[in-house]
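The following pair of complexes shares a single chain, chain A, combined with chain B in the former and chain C in the latter.
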Partner chain A sequence: MLEVTSLDKRYGQFQAVNDVSFTLEPGQIMGFIGSNGAGKTTTIKMLATLLEPTSGKATLNGRLLNSNDLLVRKEIGYMPDYFGLYEDIKVWEYLDMFASLYGVPGIDRPKVIDEVLELTDLGFKKNEFAHSLSRGMQQRLCLARCLVHNPTLLLLDEPASGLDPRARSELKDLIGELGRMGKIVIVSSHILPELADFSTVVGIIERGQMLAFGKVKDVVRSLTPAKKIQVRLLEKGAEASMWLHGKDHVSATEFVNPNEFRFDFTGTPEDQAALLKAMVDGGFPVVEFLDEEADLEDLFMKVTKGALN
Partner chain B sequence: MTAWLSEQRRVYFGNANSVKEYRIQLRSTKTVWYWGIYLGILVLVALANYGSIGARSGGESAASVQMALTTYYQLVTGFVHAAILLIAPMMAASAIVSEYELRSIELVQCSPVSTKYFFVGKFVSCMRQILLLLFLALPIAAVGVTLGGASWPQILEQFAYIGMQAAIFAAIAMPLAVVSQSIVRAVSAVVGLGFAFTAISSILVGIMFATGGSTFPAVTGLIPFLSAVSIGQVTQIGSMAVPNWLVALVIAGLLVKVILLGAGSAMTRVGSKETVSLRIHGLLLTAFFATLIGIGFSLMPLVGVTGSTRIRTIYMFLCLPMLLGFAQILAVTGHGRLEERKFFADRLFDLRDTFRGRPSGAIGYSILVTAVVSCGVAIPMIMQGLVTVPEALMATVWNFGLACFTFGICWLTSTFFDQASPARRAAFGFMLAIGAICYFVGLTIDGASQNFESLYMLVLNPLLPFSNSSGELMVKAGVLIGGGVLFLAMAERRRHKNLQILRDNGYLVDRDEVITTAA
Partner chain C sequence: MPIFEEKIPDKPIYYEVRQQARRFLSSSMKGNQIASLIVAVVVFAVMAYSFIISSKYIHVSVPVFFLPGLIGIILPGVVSGLISGEIQKRSMESLLATPLSTGQLVIAKALRAVLPVLATVAAILSLVLILLVGKLIYGDDSAGEFYSGWISIPAGIIISLVFAYAVTGICLAVSAVTRSTVASMVTSYGVMMLVYVIVPSIVAPIYVAIVGDGTGMEAYLAALHPYGMVALTAVEPLMDRANAGLVLILILIGLLIQGAIGFFGLAFAASRMEQLKRKGIEG
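This part shows the complex of A and B:
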């Protein structure tokens, strides 16, 4: 289990990360969302033991994550937002080097390398030079590097940046698979819809502060108490809107077109069913009456002000 | 113990960094080119010289022919020497800087290995290449044996010294590469340092020759282009005659170890265990060298030099490195590269920081270094009955005075700069100038006129440990300590003023002395 408690990072007067706390269980994938300079990379680097927190702490299965404890690093796989590949080195040699750095015994290394290459679908490129790989393949190679020592915690900083849609989709599947393998995964990204697909929990950070954290649905529910309902009618759109005005739990009507509009609704599902029945009974030809679930993007736009540090 | 052994085996024999570098080096086309150029020029130098020997007219004396053959050997080894001393720091610096350029350094830093592992890996791979280059040059140099200009032991010992010097140069390039993150700057600095060291050492060796010396200490084997004088010589340790190359190997090994610890310290944060380790090892090594020098000078037959002058002369030698920077650089440094933005010392003295690398630990560490140096030199000389305890004590007090004086100057210099690097450079340059003036003036006066009355001598007098009486030496020490305290007081005023200006401008000055952004 990863427990982050009141993590703080300050550079002189500049507060990069401010009192960030959260807990992740094995198998959970956290989508870490924030605008540029919000504090995502700094938080990830502190968890990767590359930066020392000014205050606060992070523990992984009860063990403090800090740079003086070399052994705890064996539990962490860190993938930064760049590749860091060497020139003139083959794919297997690159993985062999990191396996050796992480203390994987020499006798086990060939097997481990084959396994991670298979997992990342790079087996056929084993003897190629790392620099000759496509961007997507290099990204997968970096992920394979993070996996050679079978870490408990994976920190992936912007893993999907610069990838084409196919590569992104493959990466998404791979991260999902890692979660199913019981690893704790933290993925920072700007591409919000993709995070929503595989994240079990989400953390939204801005100006170094964690504005929201929890399961995607819980966060959506807690941050958007009024759900949006979209109504489409055959006719009488304006009249229906007038009719709704003043009804219980209904507010903020907004037209999409003359016979289609949305409104905010704060009632229970029973209230919602009763409202639909009343509309139909009132003679309005309702074609659609849909819940519009808020997505991560809505949520992000709602809780952040978009201000950069 | 088993864990320690296993860790050592991993660091020195199964080092992943070393294996990776080895693979890349062998594969790179650049390497083939470099090796080709190196060998090509070496063969050309050898052939040109060989041709000139062949073109000699008959009837020359055997001595003249012998001289020409020796010249062949010297030219070939001279070229190898120059090439290796340039290639070694280049390779070492490039191995470090490329990690920063490719941004792979963070990936290594967050892996479960120490900085020692990282630097040893780089160093071993670099030395493997150097040994290969030396091996390639061996057959060409060995022609000298066939021709009769040199013997096999001579060539092998010379190559061993070149290898040791290359190791030291490569090691020095590593911390410099970490700090500058530029191959050109790191190599220039190493070559500059090597040149300065060779120039000063040449003068010392010249003096030893001039005073009728025929035996040379092992350390001369580590002086670039002068190692030939150490070939075939031995160092007497007790009743045992140890070959100079073996003693030089031990010294080179210790130096490399401390320099690599320095590289580790430069790469890590303030107060890291690497910095603490560097300072402890540095202190032990200083004690070791000081004792070696003390023993060496106790045994050296300095004709016409009396006991009290002898210890003062030795302090002159010892003060030189101190003047050049040891304590003084510590006074203005203390930050690792990570997170370093601007540099201001937060306080003058803190006992707890003595080994942690903060500026406030500089005074404590300087005192320790001075004490270790003084004791290390004085004790063997006292034991040999060459100086009395009071004489040694007085010289030690003067030594503390000099340390205090130079520290004061450097601490004051550091308050004129925003950042560590220019402050360090200014202090270093300043101390180099003072050191050079005192050293050469001191040598001239000691060796010749003994004229203490001239105007420049009146100014420099306290900085030179010569005196006509013990009382005078104590007065000099008092003047130095007084001067040092005055400089420190001025520096403290300036430091407080600087910090106030920063605070007034909205900067936060915290214990970490890291000041980044104005409010």
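This part shows the complex of A and C:
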């Protein structure tokens, strides 16, 4: 279990990370969302023990994550947002080197390397030079490198940046798989839809402050008390909108086209059913009456707007 | 599998040397490595030829005089980019995130110097062998300036190894504060020029002006410089004017100074890396 308690990082006057706290259970994948410079990388580096927090602490299974404790790093797999590969080293040698650095016994290394290469789908490149791989493959190699010592906590800083859609989708599957293997995974990104699919938990950070944290649905619900309902009619769109205007729980109607509009609705599902019944009974030819799920993109825009203004 | 093995791995520090050797032996070298190997072989062949034809007049310990100079030229090229290059390539972060301590990391980098130094020593020893072969063919007429004693060969090699340690320390210290390989290499050569050429060339004339030439005192000053140490073990006139026991002690002090330069260089590099680790590479 990863427990982060009021983590702070200050560079002179600049507060890069301000009082960030959260808890993650094994198997949880946290989507760490924030715009550029919001404090994602700083937080991840502090968790990777590569940066000392100004105050606050983080513990992994009760063990303090701190740069004096070299051995706690065996439990952490850290993938930097930008990384360099050595020029004259083969894929298996690269993994072998990091396996030995993390203290994997020499006798187990060939097996471990084969396993991580299989997991990251790089087995056929085992004897190629690392720098000759494509960007997506290098990214996967870096992920494989984070896995050689079987860490319990994986910190992936912008793993999908610069990947084509196919490589990105493969990476998503891989991260999902790691979650199912019982690892705690923190994935940061500023591209939101990319995280929505596989994150079990989402944290939104802006200007160093954690604005929202929790299960994707809970965060959406807590941040958007009013859900949007989209209505499409055969005719009488304007009259329907007028009719809705005075009803309970209904506000902010906006037209998509003359016979189609959305409105904010704050009532319970029962209220929603009653409203639909009333509309149909009122003689409006309703074709569609849909809940619009607020996606992470909307949510992010909504949450960060307050902080930026 | 135990979660925490309470043991810091110590073997990885040999990784670099092992890889280097493996690459060399499996002949999977790159183009520029093959090119430099060809250049080295040609230079060695020319030297061997000139030694064999002049072997009658040269003492067997003469090739050892090349050793400190060769090390001073070759080592900065090999060692000075090792830390700054990692920062430049942005591969340092991944290394710092491993359980390896910064001390182990710096020692691992310093071990990179081992194979080039051993290769240079081997080349010099084979030149000594070539001289011996030449003497068998052409006879020996090399008495005079040099001791006929063989002690200067092992002594010169030991002095050169300590000098190589000092150079490695200087280069890694410079490498830890510069941000690119080229800057690091230029600065390393500059610092070595300052320590081993410019400062002695200023101090020596002042010393001679104050103490005077031909008093035998220059031996004591020479003992502080790697080349002076090698000279003291081999050159007869220099040694004759000084007390041999005292000179030996001075050479030991000189070796300690070189060792201290190497040690402080490595310690500085390690402390600088520790700083990078705590404050972040960008910060």
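Following the convention adopted for this analysis, the second predicted complex is superposed on the first by the 305 of 309 C-alpha atoms of A that agree within 3 Å, B and C clash if a C-alpha of one lies under 4 Å from a C-alpha of the other, contacts with A are read in each partner's own complex, and residues count from 1 in each chain.
One rule holds for everything that comes next: contacts are C-beta pairs under 8 Å (C-beta built on N, C-alpha and C of every residue); 3 or more make two chains touch, one makes a residue touch a chain.
If you're wondering where the values come from, they're calculated on a predicted model, not measured in any experiment.
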Query raised in the report: With chain A superposed, do chain B and chain C clash or fit?
Result: clash
Report task. Scan A:R73 for contacts with chain B and chain C and give back first, second, both or neither. Result -> both
Report task. Tell me which partner A:F14 touches in the superposition: chain B (first), chain C (second), both or neither. Result -> first
Requested in this report: In the overlay, answer first, second, both or neither for which of chain B and chain C A:T49 touches.
Outcome: both
Report task. Figure out whether A:Y82 sits in contact with chain B (first) or chain C (second), or with both, or with neither. Result -> both
Query raised in the report: Of the partners chain B and chain C, which touch A:N36 in the superposed model: first, second, both, neither?
Result: neither
Query raised in the report: Which of the two partners, first being chain B and second being chain C, lies in contact with A:N150: first, second, both, or neither?
Result: second
Query raised in the report: Once the two structures are fitted together, what part of chain A is touched by chain B and by chain C alike?
Result: 11, 48-50, 52, 67, 70-74, 76, 78, 80, 82, 84-86, 88-89, 93, 97-98, 100-103, 106, 145
Query - chain C partner contacts - residues on chain A that touch it in the complex - result: 11, 45, 48-52, 61, 67, 70-76, 78, 80, 82-86, 88-89, 93, 97-98, 100-103, 106, 142, 145, 150, 152
Report task. Would you mind writing out the residues of chain B in touch with chain A in their complex? Result -> 14, 16-17, 19-20, 23-24, 27-28, 102-114, 269, 273, 339, 341, 506-508, 510, 514-519
Report summary line: Within the complex, chain B is touched by chain A residues 11-14, 48-50, 52, 67-68, 70-74, 76, 78, 80, 82, 84-89, 93, 96-98, 100-103, 106, 145
Requested in this report: Mind listing the chain C positions that touch chain A in their complex?
Outcome: 1, 3-9, 11-12, 15, 19, 23, 30, 86, 88-91, 93-101, 277-280, 283
